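Pasting the structures here.
You will see subunit A twice below: alongside subunit B first, and alongside subunit C after that.
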Partner chain A sequence: MKAAYQLTRPALLWQLLMVVAVLLPHSLRLPWWLPLMTLGALGWRLWVHLGRTSFPHWSVKFMMAVTAGIGVIASIGRGNGPELAVALLFAGFSLKLLEIYKRRDALVLIYVAYFLAATELLFGQTLLHALYVALLIVLITAALNAVYQSERHPDFWRPLRASVRLALPALPLMVVLFVLMPRIGPIWYAPLAQEEARTGLSDTLSPGDVSRLTGSSEIVFRAEFDNGRSPPPSSLYWRGLTYDLFDGRRWEAEGRRTLSQSAQPLPPEPGALLRYRITQEPSGRSWVYALDYPVSAPWPLRLLANQTLRAPARIRQRVDFSLASRLSASSYQPLSAAQRERYLALPEQGNARAREMALSWRAQDSSTEALVARALALYAREFRYTLTPERLGDDSIDDFLFDTREGFCGHFASSLTFLLRAAGVPARIVGGYLGGEWNPYESYLVVRQFEAHAWTEVWYEGRGWVRVDPTAAVAPERIEQSAEQLLASQPGFLADTPLSPVRFGHIGWITTLRLRADALNFVWHRWVLSYQLRQGELLQKLFGDLALWKLALALLIPFSVVLGWVALGLLRQRRPRTKNPVDAALLRLSSKFERRGLGRRPGEPVGTYAQRVALARPDLAPMIGTVARLYVQLRYAEDAGPALQRAYLAAVRACLRQL
Partner chain B sequence: MTESWRRRLGARARRWALRRHAPARSLTLTQNRIFIFPTPAGLWFLFAALVILLLGINYENNLVYAVSFLLLSLFVVSILHTYSNLAGLSITALSARPCLVGESAEFELLLRAGRRRNYEALQLSWVEQAPVSCDLIDDSERRVRLYAPAVERGWWSPGALLIETLYPLGLLRAWTWLETDLKALAYPRPLEGGLLPHGAGRGERGAVASIQGSEDFAGLEAYQRGMSPRHIAWKQLAAGQGLHAKQFVDHADEQLWLDWSFWPELDTEQRLSRLCYWTLKLARQGLEYGLRLPGLEIAPGRGGRHRHQVLRALALHGRAPQ
Partner chain C sequence: MQVSSAINKQSVALRDKVELAVSNVGTLVLGKESQIRMALTCLFSQGHLLIEDLPGMGKTTLAHGLAQVLGLSFQRVQFTSDMLPADIVGVSIFDQSTSAFRFHPGPVFTQMLLADEINRTTPKTQSALLEAMEERQVTLDGQTHPLPEPFFVIATQNPNTQFGTFPLPESQLDRFLMRIELGYPAPEAERQLLTEGHSRSRRSPLPVCIDQDDLGAIRAECQAVRVSSSLIDYLQRLVQYTREAPQFAYGVSPRGSLALLQCARTWAYMHGRDYVVPEDLQALLEPVVGHRLRAAEQVGGHGSEALIRQMLEQVDVVG
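The block that comes next holds the complex of A and B.
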């Protein structure tokens, strides 16, 4: 026969608490009315609990379920599978609140809560998310325990203690499983929609764009070098894309069409390869940053003709790639006629003064080297580096070169490329980042948005593309120092994030804290979030060859150690001493007698026991009689006061002394 | 169909478990007595962990993997917790109260915590009887009363005792079967009817009809609390002589015999039941009565102990002595 289990008050309260905690982070992503409906259901259930109203009729519940279902589908749309599934589950979960009467109802709610807690991790995977979900699981487990706790001693806090006692030893077991269990690829493809617009380089470049990026300290990517050391700052040119088409105001990135053929991998001769690993944050773009110049593309990337790397799709989550670059030279492949034409193209009209100057330079000395040297000398002599230059007019190159004469990398690269093209030298702009901050705690380089940079690449017949950074001529410190040091004094720097810790670089401990936090974040990503990439390597390092028996042992040994420890703790577990001093004193006395063969029998009333002891020890009879009489009075008389208890305790003490 | 199949399997497992141990008055639960197995709720829990694992696999989300592994680990750890919620528990059979056939007998058991530990949410039940829940929280021993219906007169045993627990998470059920040597006495089911024939009493006024009337006025005595208000001497009260009660001599000192031969038309069980009915009736009226069965005679007497003696003789008539 089965008893119909009713839920105790703590069990119900734990469930309501659990529901609120599970839904809290989800509620920000859901249609606004859904959390309100949950609150309504929660309030109704509480009202029922307090006896003010009754459960809704089944027809009401049915109507609510249908309405909620249609509402969810209407407001989310059927395109977003996971979001829709979570929202529907959420709606059902909320309505189920109106149906918890019995143990079975509670179990449905609790198991779904475990699942909803796990889905939270699809939408965010920071350390904070993980900690919150761990907390949720402890809460849900407490709710589950509350369902099964003794009906005679309902207690609000005991389930939480039980849950923590279960979860603590479960954590190391989880870690062992996490490390050892093999990962398999996705079974079916179900993309998660993510927001598209992000800051970062875009596929058009107008001179002012880069200064927009200096307002942000968002991380673009991190790089770890296989040799554990960072290359010198002057070679930290991270290339992302090239711009070739100029319309007089803006440069446009080289399109898919013109880059359709992939580059030949670099010939193996000059210079040593630098191997490193890039961990790129979601950008919503498909380009991947690599040091000048990447030599090959790991799957699934492609190395394009302009020596940049391209991912097959937009990057919507953190990705990892192992790359190799040669710092010294680009490849040499003669330009085709079409390419040459493209890298020389300029708008028909506009910027007449610049064109004129380029032609006059060319007339004096037409060698590429001389032209570049001349331009750089001009920049060094008469130009100023600033993040907040004056606005430029329609002939932006002319305005910059002859009037304002101040600007930053975008202005310099843009004008240099224009001048060279006007003088008949193929040139293009490269967009990417320059520099990075070295994190000594985990030995990697962090590159942030404010390190965005643009420079020029010039075609030298017989040598190929050569990097020419006009900014270096104006402000060499931009290359040698970190962008943060250089830019800190500029008004536009980090304007979007006034409280960014990067701003307080001059305060030592804040920098240390920031680097440590970022190191933690990076380790988190490397060892937890993308563990599947490192599992093979790690297991290889731990066990050598991956024999099955080794894995089995690696699973069994930690499990038996942890479980043995738990078992020992459980079997030796002692309750805090009996709180009631009256019982404790009696226990002391009877255990003393037990050693003399006069133990209290199971279930023996105190009076009977006292008589038995008195018969065996007539010398103690009066004392024992007093103890028994006072004990019975204390336990059963209504007027038992502290004085009586003192007398009783004194009698027990006297008896113990006599023994 | 499945229900009966499950029941048969359960009974078989129970017999197997019980064969391994002799009935005892007191015992402590150890690993060779405790069985443990996942409950349906536990299997659903594992299913939930599996679904979460699939979620992790499909989105290549290592944190979701971790949640699934955490649930699995919780399951494993809860095996130990469930087991330890029975291990070390001592059960002592204390007493069994007699009852009538058709009623439930009360059995008293004593649970004691081994090594002063807590035991939560235990369920105790006799085979196929409703469970009684109890616990040992901040208490090292507790008496538990269990009830089981008596089916047949005489000594009977309630069968195996099932102690089970789902604590702490309901994922697993730990249980033990044990046979106590506790036996209860079932008195025959009372069968109403019949009259005590003339001559059941030894004195001249033996008719049953006269038992009720206790008419002979014998004098007054000071009224005390508890006396029937019908016996208050209103006349004397009105005369200002204080509150007195009229005293009657009734026929309670009359001795009656309940005889096996009274109702020859009934068979053995029915006769015993009829005798049981009259025993209870006479005992309630506070009369003195004796019992004559073939080969047994209990001298007239009254009081609880006498009543028990008579009923016990009825219960055990024709049965092998205990």
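The block that comes next holds the complex of A and C.
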């Protein structure tokens, strides 16, 4: 390598291409001026490449580096470790462009590019991210190849071809390593930037809230059932949290304070358990959704007194839990006096007409069953389900019950809970999701934001909490069908995401495509991102008991196969095998002789070779002489004839036998 | 069958004549049979021959002998540094009796021209000769004078490391089909030379072995020599090697590969075969290709023995 080696044109172009590809995904996250600076540096370097200008003076470069460093620190702040580090790297990487002139500079740039490509995975680990990083590695390797390309015959596409040829044999090795290598827990952890507040259920509920959620088709969680089938839609009540405190306008969720004691796990009772696995998307909240009613909490979750599950911290990345629920009923634990008081509490004032009606109902028949039946009958008779109801005034329950008489689950759950409490029956609102879309390709259920739902739970003495869904009385189709089908005709549905593929559910192939894409994403998560959860089980299944020697063998064999294959390819490249049977027979003969130190040298004609062999092995002289004579006749005199060829092949065989 | 045997008989007789010519010249130039065959191959292939060696190695004697056994008219030009083109191609002189220019042909108007020490003269004179070699005609004052048929040039040259020479440039070296070296004689040959010195000088000229009709027939037979596709493969591999391997400054031109194939045909004929084998190409590689190659590192000179050896060793005969 010469010291003053200058980059060839393809090498430089590959470098620039690599820089653009590496920086492209990062540039969306960084301060806006950084990508601009990169573009500037790129432009400058191209300009130098075209001979229009020269490299900047060292003082200019120094100034730019200092300015960029200060700028990055100022605009990102020192709190966000990884972002800051990546941004600084990014800035340096861009400015380094103005220095690539010699091979050594190019190598620095390439090695940093590998690192930057890897940091991409800090910010996202979807299938798309992984594919992009794989592409980047091929590209960067192409740039590396281009740097070492011969100066005499530079070619633009050759480095890429070489890079792909290098990457392909690595692929099976990667798979083997991924599957077999034991996982070590993370030794390094950096908190990433806070996820911005996401849509989703919140810890307060005012009747209008749920309609806000129907504007979004974002995925909340996915559920796989151990038996591979989805339960009937009418039992897909995904319970998230309960609301108990009403201030006249909004309901507040039961906090940690009132739920400090965990619930007893449900005793094993008749009624089959439904086992399933929830993969919840990051929500920024700590509650975990489970079907009515979860029986126990796997570590690290807690089962609270209101039969909901709670994670120890806010959920900021996809999490997986194995849960079990019993669809039939909750367990019966008598209410304490404090609990009873809480579930009966109402504001001192307001909504007088509703209170009055509740009291009049109670006067006629004070049994809980009768009160509930009466309220549901009222809803079924007089009310209308819509996502865009009229606005409610200060006495929201009164307005809803006596004036507007239209609304959706939030309105119904809220008013029913109010009425029951006013009539002296403990009640609370449960927030969660209802339904879900079944993905037939990977057999799981997807629950999206627009499936958000609120319903009421009523305390029956002697039976415990019983789910009463007033929406079912008004719009039974909401429970029986998917939310999507019901809501599609409503104006507010998916208002936030006009281009959401869910919107085009009536077009068959779009739905198919969407379900397929989601299935792929899910499989990616299950088998790649959270593979470590399944590794032990899978390896157990593959190899029985996990003996170390088996694991070592399983790692070694594919490695030897791939390396052997690569080596064979290299050997073949050196000496291409001929297809001609005449030549092939000769090569076979020669390779047999080679073991006795009598192999044919490449530049040795067959006649000369035969003479040499005849001198060394007089016993073989006549035979090898015949072979040579017939070979020359076949190959050069072109006395081609099947008989001649047969005679030749027979002579070769005779010679081989003699050996 | 009879026809073919008649042809065979004729070609056997022809080949005998060639063998006779070789042995006759061999009595003059002792112990140099392969060089004589090489020179004949060059002439039968209608090419010009460059003999490169030190003075006194028998270059001129060889040329003389060849002219005699082929029965060709012979001229010899000793090139010197003060020679002019007119000294070779001839000159037009004003004839007062006819009041017109008359062309006086130079020594080039002959069937076999021995251009002795061609690198002693100036490039201008060299190029005049080389032009005549290429065109087989001389153009002077707008008049074209064809050279006799056949026309052979045997040029001799001292290795150009010697003082006071003008080395031939690559483009002109390319005009020669072959370049051979004679080398020192073997001890026995030299002893014979030393002991028979007297009688040799008095010897009568060699008999003509191959007349002009024979020459035509030989050329036709050479053209009929078969070349198989696997031989062409080998030839192409050889040529490709010179174009790709880094030790070559440049590769063999298509003219070079054509020349190699043409010579190989003649060489095969001279060895009694009607097909070419790789050994033919290998034997001719140095004389035919050697002067057309240059090593990448070596700026001056055409020392190419090492390159040829590499080609012979590296390029696989069986492909």
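Quick note on the criterion: the second predicted complex is superposed on the first by the 559 of 659 C-alpha atoms of A that agree within 3 Å, B and C clash if a C-alpha of one lies under 4 Å from a C-alpha of the other, contacts with A are read in each partner's own complex, and residues count from 1 in each chain.
Note that in this section a contact is a pair of C-beta atoms (placed from the backbone, for glycine too) under 8 Å apart; a residue touches a chain by one contact, two chains touch by 3 or more.
These figures come from a predicted structure and were not determined experimentally.
Touching more residues of subunit A than its counterpart among subunit B and subunit C is B. Of the two partner chains, subunit C is the only one touched by A:V632; subunit B is not. Using the contact criterion defined above for the overlaid structures, shared-chain residue A:L144 touches subunit B, although it does not reach subunit C. Of the two partner chains placed by superposition, only subunit B is touched by A:L171; subunit C is not. Looking at the shared chain after the overlay, A:F559 reaches subunit B, while subunit C stays out of its contact range. Of the two partner chains, neither subunit B nor subunit C is touched by A:A547. In the superposition on chain A, contact is made by A:L586 with subunit C only, not with subunit B.
By the touch criterion stated above, A:P605 is placed in contact with subunit C alone, subunit B being left untouched. Common to the subunit B and subunit C interfaces on subunit A are residues 152, 578, 602-603. Against subunit B, the residues of subunit A that register as touching in their complex are 1, 3, 103, 107, 111, 114-115, 117-119, 121-122, 125, 129-130, 133-134, 137, 141, 144-145, 147-153, 162, 165-167, 169-171, 173-174, 177-178, 181, 183-188, 190, 192, 528-532, 559, 563, 566-567, 570-575, 578-579, 602-603.
Touching subunit C in their complex are the following residues of subunit A: 152, 578, 580, 583, 586-587, 600-608, 632, 635-638.
The touching residues of subunit C, counted against subunit A in their complex, run 226, 228, 230-231, 246, 274-279, 282, 311-319. Chain contact summary for the complex, subunit B toward subunit A: residues 26, 41, 44-45, 48, 51-52, 54-74, 76-78, 80-81, 84, 87-88, 90, 92, 94, 110, 112, 115-118, 120-121, 125, 128-131, 133-135, 137-138, 140-141, 143, 166-170.
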